[in-house]
Structure formats: structure tokens, C-alpha cells
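Each in C-alpha cells, the structures are laid out below.
What follows is a pair of complexes built around subunit A, which joins subunit B in one and subunit C in the other.
The block that comes next holds the complex of A and B.
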């Protein structure tokens, strides 16, 4: 291969890897944005709910979907089954805990309830991490599929001299992520539920006067946010090993993605996550590999300085 | 959104980093027992390694106490105090401060898995004059002029110096050709960088190896595409791979398979031979992969391996378990020599120790030089064969003969 061919192939493969990873990051970010955008709750336990989703998906995979439909389809059925479970977990957590520091009750709390929310979700995060550690141990596990070590190969030019590798597990995960995002977008913009969620986000007081049950809308938003991030986690688990502390590796990326995409926007953070994925991979072409994650935060700071409302946020919603 | 919300959001994003905190220290309450510390990660990303270290230490203490304890102290029993070093150097240092403050009666300690953690921990234990045994590899550990650190493994640079010619000889003997180009993919932890520094400072040149890929990453990786793209472009004869996290082992090996790269992988360190690796990587991808490690259960340990399997359900006994097992026996010897349960006396006994060959560490003898390095410390090379990592070098303690990966 010539140096030009090597460079071209490196750029194309980094771009593909970035797009695939970015789609999964994007889905994670949308889960967090759903909670923050609608409820204005800063959920520090989001990464740990993602971890929980990964373990729930692994449970379904190892107990029956693997035996039932095999290693290729089994992981995705397991992830699909994990979604309603995590929705129910989110719904119950909101009902039992989050609702006490959000909504109409925040009027009586310092800082509109944000201090209480911060402490509550940090506490939840610690409980989930250490609870999982006690119950499941510190073992590194994964949803094992042969797709994670194989690729679709594309040869756009120069025959076999230039190959683009699309990891099968990440490729399928990216496609599912995009489909989920489209479904969420349609739900938010077209359905009655979506309208009530948007109304509860825009003006909770006026929504109450219009007959919308704001507390219920918040509960659904929280549960949906948890379920969406859990699906992202389950998809990630098909190609990335995890343990009870895996949430910490991704929670910062989720927050960065939400700020990049625009605080207050629900779909914008998908593009925020996608941007992070692309920057993370493409930066290795010009910077030392060790600075891969630093590049993300340089971009993050640039966006905060130059476009504080984020890439897709409204001017009134600044970081 | 008001300014308070925005401020909290931004501050919160930063403060989310140090969320993991520690399992409480585990200890018994027997006042007459002699306390030995194990400072290792039992929470966070490296928890699994700390858990295995604990198994080895517990098993040794059980054996020592069953054999009558410390004779020189009237049969006093040993007691293990486990302190969670967490998963960052900052947490490890804080844990060490907690350890010396809360357990003033400790006579010694072992730890702390990653060299980066050990370097941080021993900054604290040195001031507290607490003798620490460690398997951590970094050359820096015994290059700081400290008096209370004792390194049982060969330092990383020495390990690379022993391992590289061994591997090249094996390649030549099997294929008829001696590799001439190499790619290095390493994480940026202290032990890995120590090995790589030694390679670049002359080892590669001495062994007529040309470095064609040289990549350093921060663990854990999210994706290995760009790293493996470098290997695909340069096609070295060998890959030296130095990870400390299991997930990185998986991502690298799977990506090599995905890119159809059939290059022999020689690893350094234990992250590629932990039992959890089998839960995340197909055994086919591991077959033939070799790793140079400071210690590993070898010929003569069959009974010990069996006990670890029965007691803890572990499939094999790795370097972390055999080393902490050996460390406890070293402390027993030091206590017998010192004749008192006092950390200064134990440290002096370790400095003066001359107990001949060790049954639990490869090569050399149980004696430490003035820097704290174990004299003549060797290493073991292990290789994945039929789904199990087996010791293949040195030949005199090997459990199986080595097989060149592309044979």
C-alpha cells in the first residue's frame, strides 16, 4: 500500500468507527436529555441505570434468548426485552424517590430542588454500583456474539488495497439506535403523549391548567429516559465488556453529548453523541492516541464558549 | 433554565467522576493476632484483580495459622486487613493514608496491583515506615531510594529483557525465521510504560527488531479501530501488547480478528490471562497468545491450584493469587526472624533475609538488595493453550511446552 492509500483507509475506517460508536453514544445522550429536557432533573445515576440495563439484557440473553434464537439475533431480543423492564424500574424509582424532589414539591426546597436531586441521584448511583458489585461481583462480562469480532468489508476503490471494515455488532447496534431515535422523534412530535411531555417541559403550570397531569408526564419521561439509555447500554454490551462500574466510563460522555447537542433539546443530544463518537475516533489521526478523550473535551469547551446553547439548542437555553 | 440549574449541571458533570467509593475494610477482631495489610482494588474497574489477590493472601494465612502460626511469637496467628485502594491513584493514596491511620498495629502490607497505585501507596507507607511487598513491575518502584518497599517480581525492564529473546528463539525454532519487525500497543500505566521504555532504550535494537508501530492509549478503550489500522498498514512480524484492563484485551484481539490480521501477539502482564477474559473473548481468539508475567502458578503448585479451584471456584491460579500467597509466607519468615510484631523489626528482617530459593516466585532467591529488589527475580511466560493459560517458560518450571502462535 502507498502512504496515500494508508492515509485514505485510516481516515475512512476511523470515520466509520466514529459513526457507529457515535450512534450508540447518541442514544445514551437522548435518554439523559429526555429526563433533563422535560423534568430539569440532573440524573447522576444515569450511567448506573445503563449498567443495570446491560445486566438485565445479559440475564435475558443467557437464560433463554441465546438458546431460543442463537448468538446472532438473541442479543437484540434480549435488549428489546430489557427495555420494558427498565421502563418499569424508572417508573417505580420516580414514584418512590424522584417525585419527592421534583415537580410541585420543589417550591418548598432550596435551589428549586436541585440540591436534593443532586444528592438523591448521587446516592442512587452509589447504591446501584455497590449493590451490583455485591450481588454480581466485580467480574467483567459481555453479551457474547460472534458479530463483535467480525466485519462487513467494503472495497470502494483500489480493489483489495483499500478496505473499509464495518464491525457487525456495532453496525447492527447503530442501525437499531437510529431506528429508536426516529421512533422517539415521532412519538414526541406526533403523539398525544409526546405533546403532553412537551407541554409539561415548556410550562408545567399552564399544562396543569390545561388538564395535563404533569407529575405523570414527568414519571413517563423519567422511565422513558432510563429505558432508552438501558437500550443503548444493551446494544453496547454486545461489543464492549462491562462490570458494575461501567456507568462511570460513559456518564461524562452523556453529559458532554447533552451540552453539545443543546440543553433542553431532546433529539439534539443524539447529534451531540454522534459528534463525540466521530471526534473520539478521528482525533487519533492527528493527535496521539492518549489524547483521544481530551479532544472531546476541547470540542466541548469550544462549543460552550462559541455556541453556549449547544449545536441544536435554542438561544434561550444556554450552558 | 435558570442560572442555578446551569451551574449545577456543569459542576455536576465534573463531580460525577469520583463516584466510586470503597467497600469498607474487612478485618477480624482478634487482638492477639499479627495484622498484615492487603491494599488492593476491590471496587471499581480493577476490583477483580484485588479479589484474586485477596484469595491468595487468605489461603496463605489459613495455611500459616493451621501450621501453628508464628512460632517466634508463641504461635500468634496472622490476620489479614483488606483495604480498598479503589480504581485511581488518588483513591489508592487516600486508602494508604487511611490504612496507616486506622491500623497503627499493621506490621507489613502487600499491594497494590497496578504499579501506578503502588507508587502512590508507597509514598505514604514509606513515611509511616511500613514495609510493603509488591509484585508491581514498574522499575520506578525500587528506583526512588525508599527503605520500606520490597519488590518480589523482576522489574518491567528486566522482564522484557528476559522475555524478548525467549520469544524470538521460539519463533525461529518453529518457523525457521527470526522476526525482524515489531509493533507495540501499550496502555499508559506505569508498569506498561516501564517495559516499553526498556524496549526502546536498547532491547529492540539488541534483538535486531525494528519498531514499525508504536501506539500508547489511555485505558479503557472505547474502540480499537485506529490502533489496529496501524497494524494493518505496517504489518509487523510480532505485536507486543501491554494492557492492564480486560476490556482492552477483548477490543484489541477482536479487532485484529475483524481486520483479518494473523500476527502473533505477545502480551506483557496479566490482563490477558485473567479468568474473566473467557467470559468476554472467544477462546479461539486467545489460542496461542503468550504473555510475560512476573509470577504465575508453575510446576510444583498443582496442589495449590487445586485448592484455589475448590475453595474459590477459580479455573486457575494466576500471578495475583500466587504472589499474595507467597507474600504472606515471606512475612511469616520475617516475623520469625524478627521475633517481634513490630514493623521496623519486620522491615529489617526483610532487608537481612537470606532464605534461599522461593517456592512461590520464579527465579532468584528470597533476599532483597539495597534498593528492595528481590535478588535474581525471574519471570514466567504463559500461553493460552486449549482455553487455559499455562506456564511455558522457564522450561524447568513449565506446565506445558510453548507453541509458536502461527504454528
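The block that comes next holds the complex of A and C.
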């Protein structure tokens, strides 16, 4: 192989790895977008709810789905089962805690309750991290599937010397992520529930005049956001070792993805997460591994400075 | 149909509304006029529940509204077209209308209602897929009214539909309301600063000043009242 071929091969492999990771990041970001982008609630514990979802999926996998349906399908059934559990967790957490610092109660406060949300969810984050640490210990675990240690190999049509590896677990996770995103996108844009969530976010007072229960809309959006991020976490857990503090790495990526993709959009953050995945993997070509995340922040700062409505945001107000 | 009796309400401990009583019978067109800051919007918000009453009674078709949470009230048949239009900016025109039809009655009669709304406001029909936030003020007002009508209301409450509109556009909106009223016989409670028009078509009118009803009667009585003629009609 020539040097050019070797270079092309590494670039293509980084690009494909970025696309796969990006799809999973994108799903995570869409979960946060429901909460932060649409309902304008700051949830610092989003990454820790993701961690919780990963452990719930692992629990289901190791207690029964592995025996029941095997190593290949078991992880995905476990993740599917974790989704309604995490929805319920989100629903209850909102009812007990988040609703005290959101909605009409805080509309007139300084910063619309964002300070209170920040402090409350930071506390939640610490409780979840340390609670998981006490319960489960600091060990690295994964939802072990043989898919994660095998790859599909493809060669581009123009050069059969080049070899691109697609980790099977990541490939499957990326495909499922995209399918889930499509389902959520349809739900938000087409269904009555989705439209009422957007209306409640747009104008809570007018929504009340339409007969929409705004508090309930907020609760559903929060619970959905937690469940979506948890699904992304569960998919990630099939090919990414994790421990109780895994949320920290990802909460930053999620916020960056939502801001990149455009606050207030639902599909924009998917592309935001995708962009981050690609930049992160591509940067490994030129940067040492430890600096991967700094590439994300350089991009992030550039976007905030040059295009504050986000890469994929649009402006709906008449100017 | 709607009965407000001895209502006190406000945003702080100090009431904005003092001992306000207003009633609307089925089939009536009732207008409330009064200067800025009199408490007209506060009265509407108290009826809809976004402002809580301090004392007094509000009932709709015999149901005590204090026992009905605010988001349930539209389902009883009360449509509130709020001051300043308050359309959903990031939803399309069509989606805004669908949100209007969030009530059971609105869903059941969707096809009929949407046909009628587009007949009254063809402009909305042309702009179905446009984001409501990008509509002009007049178009947003048409949408706000259409959204109210889409709920198949028994009572349509309109808070200053002409506010902030060019005179010609305001005239158009007003003519449409009269047309809608003539064609459907819908019960309407209107708050307006265009006193002459508001009183002309009303079966009954109220004058609200600094949170108190200072005068009420049919349009003959109000038009003949010297204070109304001087303060509001400029005669």
C-alpha cells in the first residue's frame, strides 16, 4: 500500500467510527433536547440518568434477557425494557422535585428558575453518582455481546486494497439510534401529543387556554427525555465500558450537541451529536487521544461565536 | 351561561378587580369597555383560571369554576382569545388550529370547523404551512380567533382583538366577528377599546374603570349615557 492509501484508509475508518459514535451521541442529545431545548429546563443530572439507564439495562441483561434470548438479541431487549423504567423514573423525579423549580412557579423568578434547577440537578447528579458507587462499586462493566469484538469489513468501490472496519455492536447501536430518532421525530412533529408538547413550550399561558395541561406536558417531556438518553446509554453500553461516573463524560457532549444543533429544535441536536462524534473521531488522526474533547470545544466555541442559533437552528420569530 | 359575582382578584395582596359582577346569557353578545389598566384582561384571566380569584363566584353553565382546573375549562366550552394574540410562534398555522381543537368538541367537529374558519379567513388557508411566528399582526389575530373557533366553543371570549393593528385591518377583524356572530349565533364576550363598535353590536355592555363596574346596560342605555359619550365616544 502506498502512503496515500494508508492515509485514505485511516481517514475513512475515522469517519465511519465517527458516524457510528455520532449516531449514538445524536440520540443522547435528542433526549436532552426534549428537556433543555424544548422545555428550557437545565438538567445537570442528564448524564447520570443515562448511567442509571445503562445499569438498568445491564441488570435486565444479566438477570434474564441473556438466558432468555441469548447474547446477540439479549442486550437490545434489555435496553428496550429499560426505556419504560427510565420513563417512570423521569416522571416521578419530575413530580417530586423538578416541578418545584419549573413552570409557573418560577416564571417570575430571576433567570426563570434556572439557578434553582442548576443547584437541584447538580445535587441529584451527585446523589446518583455516589449512590451508584456505593451500590455497585467503581468497576468497569459492559453489556457483553460478542458483537462488540467482531467487525464487518468493507472495501470502497474505487480501491479494493482499502479496508474499513465497522464494529458490529456499534453498527447495530447506530442503526437502532437512527430508527429511534425517526420515531421520535415523527412523534414530535406529527402526533397530537408531540404538538401539544411543542405548544406548551412555546406559550404555556396560551396552551392552558387551549385546554392543554402544561404541567403534565412538562412532566411527559422530561420523562421522555430521560428515557431517550437512557436508551442511547444502553446502546452505548454494548460497546463502551462504563462505571458510575460515566455520566460526566457525556453530559458535556450532550449540552454541546444541543447548542450546536440549535436550541429549540428536536432533530437539530441529532446532527449536533453527529458532528461531535465525527470531529472527535477524526481528531484522533491529528491529536493525541487525551485532547479528543478539546477539538469538540474548539468547534463549540466557533459555532457559538459565528452562528449562535446553532448549526442547524432556524429562526421562527418575525424579525 | 357565564356568571361572575362579586369577584375580587389580582396579582398581589392588593386586588385589581373589586366586587365585579358580569353575566352573559346563552346567545348574547356582551361587551366590556374601559381604559387601559382597568382590569379587563385580569377579569378574562380569572375566568380562564390563570389568575386566581380572592373571593366571589365564577360559574359556567351552573358549574362552579373554582372546582375546575384551568386546563379543563376550555373543555367545558370556554374559548379565550388572549390579548396580544399569543399564537404558538414555532408551530405552523395548521398546527395552531389543531391545538385550538384540543377539546373533545373541537376534535369531533374538526372537519366542519376548519372548513368554516378557512372560509372566513382565506388568508389562513393560503398560509397553512407557514410558521405562526412569521405571520403579520393581522394574520396572527385571524389565527388566534380561528384557533378559538376550532375548539367548538359555547362561549368565545375575545380580549382586544383590534389591539396593535392598522385601522383597516382592525376594521376587517371586526367585520369578520360580526359576520361570524350573524352566521353562527355564537355567544361572545368581547373586551375592546374601540368602544363605538363594541357597543354598537352588543346586546349588553359593561364599563369597567379601575377594577370596578361603573356602568352597565344595553347599547341604547350606554350610548345615551353622557359619561360614555364624552369619555369613550368623543361626542
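Quick note on the criterion: the second predicted complex is superposed on the first by the 301 of 319 C-alpha atoms of A that agree within 3 Å, B and C clash if a C-alpha of one lies under 4 Å from a C-alpha of the other, contacts with A are read in each partner's own complex, and residues count from 1 in each chain.
We take it that contacts are C-beta pairs under 8 Å (C-beta built on N, C-alpha and C of every residue); 3 or more make two chains touch, one makes a residue touch a chain.
Quick caveat, the model's predicted, so the values are computed rather than measured.
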Between subunit B and subunit C, positioned on subunit A by superposition, is the outcome a clash or a fit? fit
Partner chain in contact with A:151 - subunit B first, subunit C second, else both or neither: first
Tell me the contact category for A:264 with respect to subunit B and subunit C: first, second, both or neither. both
Just subunit B (first), just subunit C (second), both, or neither: which does A:205 touch? second
Using C-alpha centres only, what angle sits at subunit A with arms pointing to subunit B and subunit C? Round to the nearest 10 degrees. 150
Which partner does A:255 reach: the first (subunit B), the second (subunit C), both, or neither? first
See if subunit A has more residues touched by subunit B or by subunit C, and give me that chain. B
Applying the touch criterion given at the start, work out whether A:42 contacts subunit B, subunit C, both or neither, answering first, second, both or neither. first
Where subunit B and subunit C come nearest after superposition, their Cα distance in Å: 13
Contacts of subunit A common to subunit B and subunit C in the A-superposed view 264, 317-318
Residue numbers of subunit B touching subunit A in their complex, please. 1-2, 4-6, 8-10, 12-13, 16-17, 19-21, 23, 42-45, 47-48, 50-51, 87, 188, 215-218, 220, 222-223, 225-227, 229-230, 232-233, 246-247, 250-251, 253-255, 257-259, 274, 276-277, 279-280, 282, 285
List of subunit C residues in touch with subunit A within their complex: 48-50, 69-75, 79-80, 82, 86-91, 95, 98-100, 102-103, 131, 133-136, 147, 151
Provide the residue numbers of subunit A that touch subunit C in the complex, in ascending order. 192, 195-196, 198-199, 202-203, 205-214, 264, 316-318
Footprint of subunit B on subunit A - complex, ascending: 1, 6, 9-10, 13-14, 16-17, 21, 36, 40, 42, 44, 47, 111-112, 114-115, 118, 122, 125-126, 129-130, 133, 137-142, 144, 146, 148-151, 165, 167, 239-243, 245, 248-249, 251-252, 255-256, 259, 263-264, 280-281, 284-285, 288-290, 292-293, 317-319
